[in-house]
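One chain, chain A, links the two complexes that follow: it is found with chain B in the first and with chain C in the second.
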Partner chain A sequence: MTITEVSVSLTINGRAVSVPQGTSLLAACESIGIETPTLCWAENLTPVNVCRVCVVEVEGSRALVPSCARAAEENMVVHTESPRVRHSRKMVLEFLGSSTDLSQASDLAVWMRHYQADPNRYGQTDVPAERIVEEPKVQDDLYVRDYDKCVLCYKCVEACGDDAQHTYAIAVSGRGFNSRISTEFDTVLPDSACVYCGNCIGVCPTGAIQFKTEFDMRAVGDWRPESQDVTTTVCSFCGVGCNLELHTQDNKIVKVTSPADHSVTHGHLCIKGRFGWQYVQPPTVSPRD
Partner chain B sequence: MADLFIGDDLADDIEIAAVAAAVGATNTVVHAGERLVYGGTQRRRDHRHLLLPALHALQNAKGWISPGGLNHVCTLLQVPPAEAYGVATFYEMFRLDEPDYGPGVSHVTHVCVDAACQIAGSRELIAELEASGAQVHRSPCLGQCERPPAQFHQGIGRPDLVPADFAAGGAGLGGSPTEKIPQQGDPSLRLLRNVGVVDPTSLEAYRANGGYQALDRAIAMGADAVCSAVAGSGLSGRGGAAFPTGIKWRAVAAEQGRPKHVVANCDESEPGTFKDRVVMENDPFAVIESLTLAGFATGAENGWIYIRGEYPLATARLQNAVNQAQDAGLLGSNAAGSGQRFDIEIRRGAGAYICGEETALFASLEGFRGEPRSKPPFPTTHGLFSEPTAINNPETLINTLDIVLYGAEQYRRRGTERSPGTKLLCVSGRVTKPGVYEVEFGVSLGEVLALAGPLTGSGRLAAVLMGGAAGSFVGPDALDLPLTLEDTRERGTTLGSGVIMAFTDEIDMTAVALRIAEFFRNESCGQCVPCRVGTVRQHETMLQLQTAGGLGAKRRKLIEDISQVMVDASICGLGHTAASAINSAFDLGLLPGGRNDDN
Partner chain C sequence: MVLLWGSNAREAHPIYFHHVLKGLDNGTKMYAVDPRRTSSTKFADAWLGLNVGTDIALANAVGREIIAADLHNKEFIAHATQGFEQYQAAVEEYTLENTETITGVPAEAIREMAHVYAAAGTAQILWTLGITEHHNAVENVLSLCNLALLTGHVGRWGSGLVPLRGQNNVQGGGDMGSLPNKFPGFQDIGDPTAQAKFEATYGMRLPAKPGLHLTLMFEAMERGEIKGLYVIGENPADSEADVAHARKVLSGLDILVVQDILMTRTARSADVVLPAAVGWAESEGTVTSSERRVQRVRPAVSPPGLARQDTDIIGDLANRLGVDWGNPTPQELWDELRSLSPMHAGMSWERLESAGGLQWPCRDLEDPGSPFLHGWLWAEDLEGREPAPFSVCQHEGPKEKLSAEFPLRLTTGRALDSYNTGVQSGGFASPIRYGDSIDINPTDAHALGLADGQRVRVCSPRGSIETKVRIQPDIPVGLTFTTFHFPELIDVNQLTNPEWDRRSGTAEFKAAAIRIEHLHSNGAKPMTDDPALDLERTTEPANG
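Let's look at the complex of A and B:
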C-alpha cells in the first residue's frame, strides 16, 4: 500500500491555495502569509475553539467558523477580512478587555490596536460593566494563579489533562460568566492532584498562571523581559533529553520553558525540568519553609 | 486506587447508601487489581455516564454535594475530583456549599420567574413563600406555563415533586389519566389522541387503544422502508431547528461497524415550552414505542431518554413504561420480535437550558459539563460517546407512529406542502385557556389565539412571543400569519418549539425583555467568549435601558454590535439566538424609544 498525500484546493481572500487534506484553515491562511489572531489555540494542544478570535467567513456557512479547528475543504471560499470577520474579532477582543486584566497579554494588545477594539465602551456609572475580580492565589513557592487575568481558554486544563500531563488537577467549574478554572471545592494546590509540572504556566497566554519568581519580580517592578536572555540546553535530571529554555535576567534564572515544537517535550516538562534550578542558584528562601 | 488523587474527606453512611441505590447495581466498583488487565481512561469512560445519577443521589440525600460525597463518587466511578466538581457546579439543581436550612426542611421550592410566570405573579408568590419560611429558589422556566406561577419542589431525603401534579390528583405515577387538555375529545387529534383518554400507566390500556401497532408494522416493513416513509413524509424536527428527520435517520442507518444510539431529547427547557411534558406524562408509551421504532429504523441498539430534572412525573411515567415494555418483551434482546436488541436508559438532567442543545446533551449524558461541541462532525457520525446517533424530541418521535401506520401520503394530507403534518403549540400568557393545542400547519396565529379563548385582563393584545426566549415577538398585525415553517421564516420569526405567548398592553414589556436578557446571561454555558461575555453585556445594557428609560445612539449601537457577534461567532444556537427576542422587541416598539443624547 502506498500513501499518497491528497491535497485540497480552496480560495482565501480571492487567492487560490492548495494544502494537504486535513490542514486547518488557520494553517492554510498562514501558508499564504495571512496572519490570524489566536488565543485558545496552540500547536501542542487539541483545538477547543472557544475564544472565537480566529473566526473566518466560509461562503455557504451561516455562522463564522473557527479557523483553528475547521479543516480546509475542496472548493471552500474563505474570507478573513470581511466586515463580519473584522467585527467578530474586534468584539471578542473588546469583550475580553472589558472583563479581564489583559495587561500581560502582549500579543492581544497588538490585535486590539489592529481591530480598533475599545473595551471601555461598556458599562456606565449606573450599571458598570462586570469584570472578573479575583485575588491572586499564592499557595506555594513555585507558581501563582491570578484568575482576573484568565480568559478561560481551557489551555491549562488541557495541558493538565488529556493533552499532556493526565493529572486532572484543574477543570472548568461554574457556568457562564461565573466559570472559573478550579480544583475540586477550590482546594489549595498543595492539597490537590497537582504534580507541579508547570505545563499550565507554559501554555497560559495571559499571565494568569505564572512562575512565583516572575510574580514577585513584577510586584517590585523588576520584571524586565527586554533585558532577559534565553539559553537553550538539555535537562540534566534524567535521560529523556528534554530541551530547556532558561530565561535569565541579571544572570539569574527567572523561568524555564521548552519549545512547543521540540520532538521530545512538545513544550511540556516535569517538575524537575520546570522548577529544579536551585542547584544552579540556591533560593534565598527554601521551598520547604 | 491507582492514579487518581482523591482527597481525605469521606462520605457518610447516608451518602454511600444513596449513591449505591442510584448506581450501585451496575458493578461500578473498581478493584485495584483489575487495573492490570483493564484500566485507565477506558475504564473511566465506561462508568462516567453514571456521574449525573450519582450526583443527583448525593444532592437528594443531603440537600447538597459534600466534599466527602464527591470523593466517594469519584472513587467509585474513577472520575478526577476536579472534573466532577466542574460538572456538579454546572447545574442549577446542585449545591456545593453546605446549606443552612435548619431542621426539618424537606425540600427547596423552585419558583419560575420566566415570562409566563413573571406576568402571572411569580414575584408575589415568592414573597409569600419566603414569608412563610419556605426555602425558595428562583428558577428559569419550569415547563408549566399553562398553570403559572409554576413551582417545583426539589426534595431533600424524599423524591422531587411538582405540587400541581398533586392538585390534579395525579401524584406519583397517578392511577388514571388526569390531564385535561383544552381540545379533549376532538376526534381529529393525532399526536394528542391518547392524552386524558388512555391510562398512561398501563401498557395494556395503551395496546387496547392501538398502541404498538406502528412498531409491528415497522418490523414487517423493514428498516429501510421505515426510513423511506419518514423521509417521504417530510417530517422535520419539532425542537426548533426543523431538520428533516428522514435524512437524519438514514444517515445513522448507513453507519456500520460501531455501536449506534437513538436519543429522545426530553430536556424541554425553552421558556414557554411544555408540550413534550404533556406528551410524556400522559402518553409515555407512545414515546417508548416511537423511540424503539427509531432504534429499529436506524439499527441502533441503545436508546436513551435525557429528561430535564424538573419533570418528576414524566420521569416516573416513562420509567414505568420502560419497565412494562421490558417485561412484555417489547424491549430487550429481541425487542418486539424484531430480531434486534434494543434497550432504553433514562437519565435526568439537573437544570441547564443548554443541555437541550444536542451536543451539550451528549456531553452531559456522558458525565461531562454540558458544553456544546463544534459541528461538524455531526451527531449522525459523532454523537453520543462519539458514535453514530439519531436524536429527536418526543413530539418528533411520536409523529413517526402515524407515518408508519398510514403511510407518508396520508400523513402529508395534513398541513402544507412544505410543512406537512400537525404541530403541537404551547399557548400561554394572557389567554383564557392556556395549554397544548394540536393544529395543522397552516392555521393562522389569530385562529390559534381564538382557540385559546378571549384575552384575560382588560388590556389589548400588544405582542405575541413566538418560539420562546430564543424566538421573537410579533405584533397584533401578525394575526394573519400562517403557522408554517416557511411563512414564519419569511416574516422573520420562528415557530421554534411551538411557543405562542400572548402579552397585552397592560404588561411592562421592558421587564419582560430584561428577564429574557437575564435568562440568557444565566444559561450561557460560558464556553465561548461571544456568548459568555455578550449575554452579560446585553443584560447590562438592558438594565441601563430600564434605569434611563431609553437608550441613546451609542447604546443602541452597542446592542446591535453585541447581537451581531453573538449571531456570527458563538459556538451554538444559544448564542445565535440570545439577542433575537430583544431585537424584535425593539423593532416592534415594545421598549422605550431612543433618546436624543449620545449615551
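Let's look at the complex of A and C:
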C-alpha cells in the first residue's frame, strides 16, 4: 500500500481524524489511541480479511468492514464500539473459542473479556459444540503443528508464500469444518516443500505452530513466559545482519524471533537464524540424525 | 533488473533473497549466472549455466554486446570513467559466438541478458564466492565492475554492485583492521599520517610494512619462518584448500593456540585451547553486515564453564606478555575505534542503540550514514577524485584443466541449513540436511555405472576421499558438486585446488578436476556415514 503525503479527514467515534491517504482504518484508529482486536492481520503481512474480528461500522456501508484492509476515505464516519460492532466481534470470538483451543492466544483473552464472549454458550448440555480434536503433529525436532489451536487465519500460508518466504509449502485443504492448513497431499513436513524457516511460527497468533522446545517445555509444565527475557542481537550465520530476539529462560535460549519492524528481516528468518542457535548450549537433541 | 552472478542467495543469504523476491513480485527481471541450476536460479527469468571459471569471458561478451548494440551510457563513460577505449578493444574478440563456445551459454541468452541489463532503469549485479573463490578472483570482480561502468548502473539509488558477505562480521573484521595491510577504517599501514596517529594512540612503534594474509602465512609456516600460530574463531584444519597439506603444515608448528567456542578439528590438534564466549549470544559488541551496517550484539546467556570473553582473554594474554591494556569495556573499545577511524566517528554507542544500526561512512554525530557508496561518480566534479578505471580482463579459465585422468569438474558451495565447516550448524537436527555426498548428473552417473547413494572414491591430483553419490538432475553434465559442511563425512578440501589469487589471497575452491572410482571390495571401508561428532562446548581449557 503506497502512503502518500496527501491526507484524508474522517470521523471515528465522533472524533475528527486526519491521516495520510492510504492509511488503513486500523492504523487510523490506532493513531487516536483506539485499540482494535486483530487475528489474521500482522504488520509484516498483506491483509487477507478472513477473521473478521477487527470489523468496524462505516456509515453508508451495508456490511461491517475489516479495518485492517479498508483504507480511510475522505468524510468517512466510522464507529468502533457500536452495538453492531460489539455484537459481531463478540460472536466471532465465541465461534472461534467454541471450536478451537485459544488458551495460548494471550492477546485474544483480553478481548474475550472485553466483549464478554462466552464460547461455552454454544452446543447443549449433553451435546457440546463441535471442536477440532487432533493429536499434535510432531514430525521433526524443530516445530510442532497443533491443529486444535488453528483458527485458519492464513497468516502461516501468507508468510510461507507471497509475503515472505515464497516456498508455498502449505495451503488450506478441505471444506467447511474440515478445512485444515496442510502440506501437499498432507505429507509429513520433512517430506514436503517446507524449508523450515519457521516464519509460520513467527506469525501464528494462537500457538498452533510452535517451536518444539516450547512444546516440550509446556508438556512438562516448565514454560514460564513471566520468567523469560528477550535480548536483541545479530544472527551469526551470514552477512545479511538479521536481528534476532533471543528468548531465554534459566540462562537457556528457548525460542528465537525477529522484530517485525526491523528493516532487514521484517520479522522473518531462515532455518539457521530461527533454529541454528542450539550449539550455544549443550544440545537437547543429537547433533545429527 | 537483478543480475545474480555466482551466488546462491536463496540458500546462502535467505533473508536478503526475500528482498530480491519482493522486487521480482513487483516486476523486476532477474538473470542468474551459475554453473549449477540452484534454487536461486529457479526464480530467475533466465538461467545462464556457464562452464565453471568462464565468468570473465561471459562478462566481456556482455560488455561487447552492449557496445555493439550502442546501448552503453556514453555520457556517464565520458564523465566518470577512464580506459574505455582499451576496454572496448580488449572485449572485441568476445563475440557472442566465441563466447558460447567458451562458456557453454547460448549466444542468444547472452545477447538478451546484455540488452536487458543495459536498458534497465536501475540494475544491480549481486555476487558471492562463485566469483571470488577462483585463482583470478579480483579480475572476475573487475570484469563485473566494467559492466556497471559501461551502463552507469552504479552509485545511484537502486543500482549498484553488491558483493554479499558470507559471515556476520567478515565486513567488520576488515573494518577493524584485521587485514595485513590496513589499520582500522581501511587506513594504509605505512601511510605516514595514519602510522603517526595509531602510534600516538597505542603508545608504541608499529610495523610500517604490511603483514601476511592467511595463505601467505601457511607458506611461511611451511618454510619454517612462522613457528607459532594463534587462531581465533577459525577452523583452517577443515577449511583450507588442499587441507591434507594444511594439516601437515599445522602439525609442524612449535606451538598452536586455538581460541574458540567449540572443539573444532583445529582446536583438537592445538597445544593450548582457550575456550571463548559466543560473540553474538554471550558478548557485548558490534558486527558489521554486508551493507556496511554496524549493529550491536548483546549477551542473552552467560558462557558455560570456563569460557571467557575474547577481549578478556586477549587482554590477559597481553598482560602475560608484559603489556597492560587495562580492562576496557566494549563501549570504551568502540569509542577508541571512533577516535581513530573517521568513517566510524559518528557512530556513538547511543546512536547504534537508538537507530538500530548505522551504515558507514558516518563521519559525525549529525551524519545519517551512507546507504550506498560511489555516488561521487555522478557529482559534477567527481568530488575531486580520479575517474573510475575500466579494467582489461582476459579469459583464462580454471588453473586445473580437465584431463583423461581427471575428467570431471568439482565445485563447492553452501546448503540452506548449514554453515561453513559445520561447527555451528551441526548443533541442530535439521530435517532438510543435504550436502554430505557428491552430486552428479544422471547422464554421468549412468556412464560411470553409479546408483544413487552408492559409495565411491573421489580423486583429485591432491588426494582421494570416500563418499556417497547423489544423482541430481540440476547438476549439468560434466560437473559435480558438494558442500564443505561435513568434513567428517566428506572431506572435500582434500580435493580442492590451493592455487590462489595473488591479490586477494583466495584459493580456487570452485574449480578442481576429479575422477570418480568404484570402491573395490578389497580394502573398502565399512559403509557408515554417521561418525559421532564431538562438538560440545568446551568447559575446561585443554593442555597438551
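Everything below uses one rule, namely that the second predicted complex is superposed on the first by the 278 of 289 C-alpha atoms of A that agree within 3 Å, B and C clash if a C-alpha of one lies under 4 Å from a C-alpha of the other, contacts with A are read in each partner's own complex, and residues count from 1 in each chain.
The rule we apply is simple: a contact is a pair of C-beta atoms (placed from the backbone, for glycine too) under 8 Å apart; a residue touches a chain by one contact, two chains touch by 3 or more.
No experiment lies behind these values; they were computed from the predicted model shown.
In the superposition on chain A, no contact is made by A:159 with either chain B or chain C. Look at A:172: by the touch rule set out above, it reaches chain B but stays clear of chain C. Contacts of A:280 after superposition: chain C is touched, whereas chain B is not reached.
Once the two complexes are overlaid on the shared chain, A:272 sits against chain C while remaining clear of chain B. In the superposed model, A:12 lies in contact with neither chain B nor chain C. Judged by the touch definition given at the top, the superposed model places A:209 against neither chain B nor chain C.
Residue contacts after overlaying the shared chain place A:196 against chain C, while chain B stays out of touching range. When the two complexes are overlaid on their common chain A, residue A:239 makes contact with chain C while staying clear of chain B. With the contact threshold set out at the top, residues 166 of chain A are in contact with chain B in one structure and with chain C in the other. Remark: chain C residues 12-16, 18, 21, 25, 43, 164-168, 170-171, 261-262, 278-282, 287, 289-291, 293, 295-302, 304, 356-357, 416-419, 423-433, 530, 533, 535-537 touch chain A in the complex. Contacts from chain A toward chain B in the complex involve residues 49-53, 55, 63-64, 66, 69, 84, 87-88, 91-92, 95-96, 98-99, 121-124, 126-127, 129-130, 151-152, 161, 166-179, 182-185, 187, 191-193.
Across the complex, chain B meets chain A through its residues 3-5, 7, 67, 70, 80-86, 89-90, 96, 352, 369, 374, 521-530, 532-537, 540, 543-544, 547-548, 554, 558, 561-562, 564-565, 567-571, 576, 599. Every residue of chain A that touches chain C in the complex is listed here, in rising order: 139-142, 162, 164-166, 189-190, 194-197, 229, 231-244, 246, 248, 251-253, 262-266, 268-273, 275-283, 285-289.
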